[in-house]
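Both complexes below contain chain A, partnered by chain B and then by chain C.
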Partner chain A sequence: MAQKTIAGQTIEVNDEGYMVDASQWNREIAAELAKEDGIELTEKHYEVLEFLRKSNEKGETLTIRRVGKSGIVDIKGLYGLFPGGPLKFSSRFAGIPKPASCV
Partner chain B sequence: MKKILILGGGTAGTMMGNKLYKALDHQEWEITIVDQHKTHYYQPGFLFIPFGIYNKSDVIKPKGDFFPSGVKVIYQEIDRVEGDHNKVLLMDGSTLNYDYLIIATGTQTRPDETPGLQGEQWYKSIFDFYTIEGAVALQQFFKTWEGGKLVLCIAELPFKCPVAPIEFVCLAEAYFTEKGIRDKVDITFVTPLAGAFTKPIATKMLSQLLEEKNINVVPDFYLESVDNEKKVLKSYDEQEIPFDVLTIVPVNMGSEMIERSGLGDDMNYVETDKETLQSKKFENIFVLGDAGNLPTSKAGSVAHFASEILFENMMNAFENRPLTAKFDGHANCYIETGYGKGALIDFNYDTEPLPGTFPLPGIGPFGLLRNTKINHYGKMIFRWIYWHILLRGKEMPIEAHMTMAGKKNSID
Partner chain C sequence: MTNNESPLKKVCIICAKGTIEDVYATLVMANGAVMEGIEAKVFFTFFGLDAITKKQMNRIKTATVGNPAMRAPGGLPFPSILGILPGVEAGVSAMMKSSMAKLDIPPVDEFLEMITAGGGEIYACKLGMDMFKLEKKDLWDEVKDVLTIGEFYGLCGGENTQIIFT
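Then we have the complex of A and B:
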């Protein structure tokens, strides 16, 4: 567990950089986290992040396929928004735990 | 008469039918099991068929042999559940009423969800081993195969028995070594996960194991389609992996009956309270085994541990008590690694697989996250235990809840 100051706020993050407390999240933090990975967030990105946060709140298991069926973006589009690891990156920017859909 | 209806007569439904039949007064309760198929498959045995260790006859028995004689059994496809009316419609047009419903319809492989998977190479150079047909076809194929690129690819999460793909590549490695053609076989393990397994400590142990066996791991590969002509896997981010023979773990989904009933999520898994095992939509509907959306492994061991919790909670429900039994997501999986050895993992919702001994702290006899001969014997003996003890709903000398006794927080 470590603390990190970002967008003028102090947040708790785990060893892999995922926020520990989803309630500390806001859009500015997301923008800064994404910038660290060279991604500039657009409204489309935020729609995905909001979807992930809502699903996480409901305790749903998150998969790329599920996001692809959300109506916000298809799977190809999701890879376009978050290249290299769409769910890994987007969940980190969304301030939720790293999805481990298969245990 | 009060009516309990169990949908699905596989591992979970059969165990539950036996447990309830033993406990309940037969003058007061009627138990009915519905399943469309008459054959019970010992699914953990499918893994061994491609390598000729088991044959078809080793893994099949009639379902009817395991149902108690006083339970009513209907072999018919299910149309849908009407939860608002406490009834289930069958495909032959008949209707069954219930006071309590248990959904145990499991999970199915859906190769049709991946474009190109069931093209002209299907069962020629593309096989699954999660069905008896696929496992037997692959056995035939391997008998005369002279080598090349063997690729195992996991199409989607979650899927049944998360350790089986790792076991498959380990057993393949041993099989081709024993055949004397290991140097002609290139084995690659392709997964949408970031590593060989989801949880850090087990991933470390299993990655080392695969490396020692010279098995390549391609992580973060999310399968979009299969090109039959070029024999390549394509991912959504346009990576390509060529294969000579592909063993696929297809997309898994719950029964379409769940979708028709409006009880599931978008993968047709029933929305289930992960602790009480009650459906989130109806108080008198309960869920056992792979059919639910619990955040733990889809595996027989999970169904077994959960069945003890579900039994307690159904008894609570019958007598209008609160559902006090809480499932912890306990899973216990043997991992066959080839050459007569195996590893074992034991974990739950909150605790990742850790090294140690099982079931007795410090004694074992089984070693957690260790590759030993005794673990392999555990897996082999389990088939007998499955048919004779587990399915019949008899007591096993292992607690339903996971225990930390005998576990350590790091690898030595």
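Then we have the complex of A and C:
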């Protein structure tokens, strides 16, 4: 567990860089986290992040299939938004735990 | 949990069997790879070709005979002799599929689409196709190519590449 100062705020992150407390999240933090991975967040990205945050709050298991059926973006589009980690990057930027899912 | 010094870059998966568990093991591994940013190439051969044959892909089954790990719900024994009764294989296979659907695991065609959406590539084996008298038009539309094993090996080069046989 470590602390990280980002977008003027101190957040708790685990050793893989996932935020420990989803309530510390805001859009600016997401933008900075994404920038560290070379991704510039657009409104479409934020729609995905909000969807993930809501699903996580409801305790749902997150899968790329579910995001693909959300009506926000299809799976190909999701890969386009978060290259190399459609679910692991997006959930990290969304300030939620890394999904323990194989799909 | 990760080895950052020398991460896996590519998996080449060969699927030679056509049962639910063999095909899904292949699909889960391929999809899991592309989700992690790992390149995935999948080669279907022999009975594994059912998974990418339009007519068969959503009809694959689990063997109810000669499968000692199969148990009835609740862990009760499932005598092999029951497995030969009409409808048992279909029933067991439907049960397997419904348990997977509850975990958000899609049908075969949709699963393959998820893999190709992530940049994974699907190939069919030329020898297997000749044996089963299949033509390219019988295959799922997004099968990238029909290859010999030699040609497939040609795609499996590069550092930190693993070949997996299911």
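To be clear about the criterion, the second predicted complex is superposed on the first by the 101 of 103 C-alpha atoms of A that agree within 3 Å, B and C clash if a C-alpha of one lies under 4 Å from a C-alpha of the other, contacts with A are read in each partner's own complex, and residues count from 1 in each chain.
Criterion: a residue touches a chain if its C-beta (ideal position, glycine included) is under 8 Å from a C-beta of that chain, and two chains touch if they have at least 3 such contacts.
No experiment lies behind these values; they were computed from the predicted model shown.
Under the clash rule set out above, the superposition-derived model of chain A with chain B and chain C contains a clash between the two partners. Of the two partner chains placed around the shared chain by superposition, neither chain B nor chain C is touched by A:L49. When the shared chain is aligned, chain B and chain C each come close enough to touch A:I75. Residue contacts after overlaying the shared chain place A:G85 against chain B and chain C alike. Applying the stated contact rule after C-alpha superposition, one finds that A:V13 touches neither chain B nor chain C.
Shared-chain residue A:R66: touches chain B and chain C both. Comparing the two complexes, residues 61, 63-66, 75-76, 78-79, 83-85, 88, 101-103 of chain A contact chain B in one case and chain C in the other. Every residue of chain B that touches chain A in the complex is listed here, in rising order: 156-159, 162, 192-194, 198-199, 220, 222, 224, 236-237, 251, 265-267, 274, 293, 295-297, 329, 331, 347.
By the touch criterion given at the top, residues 59-61, 63-66, 69, 75-76, 78-79, 83-85, 88, 100-103 of chain A touch chain B in their complex. Here chain C touches chain A in the complex through residues 1-2, 28, 31-32, 34-37, 103-106, 110, 113-114, 117-119, going by the rule given at the top. By the touch criterion given at the top, residues 16, 61, 63-66, 68, 74-76, 78-79, 83-88, 101-103 of chain A touch chain C in their complex.
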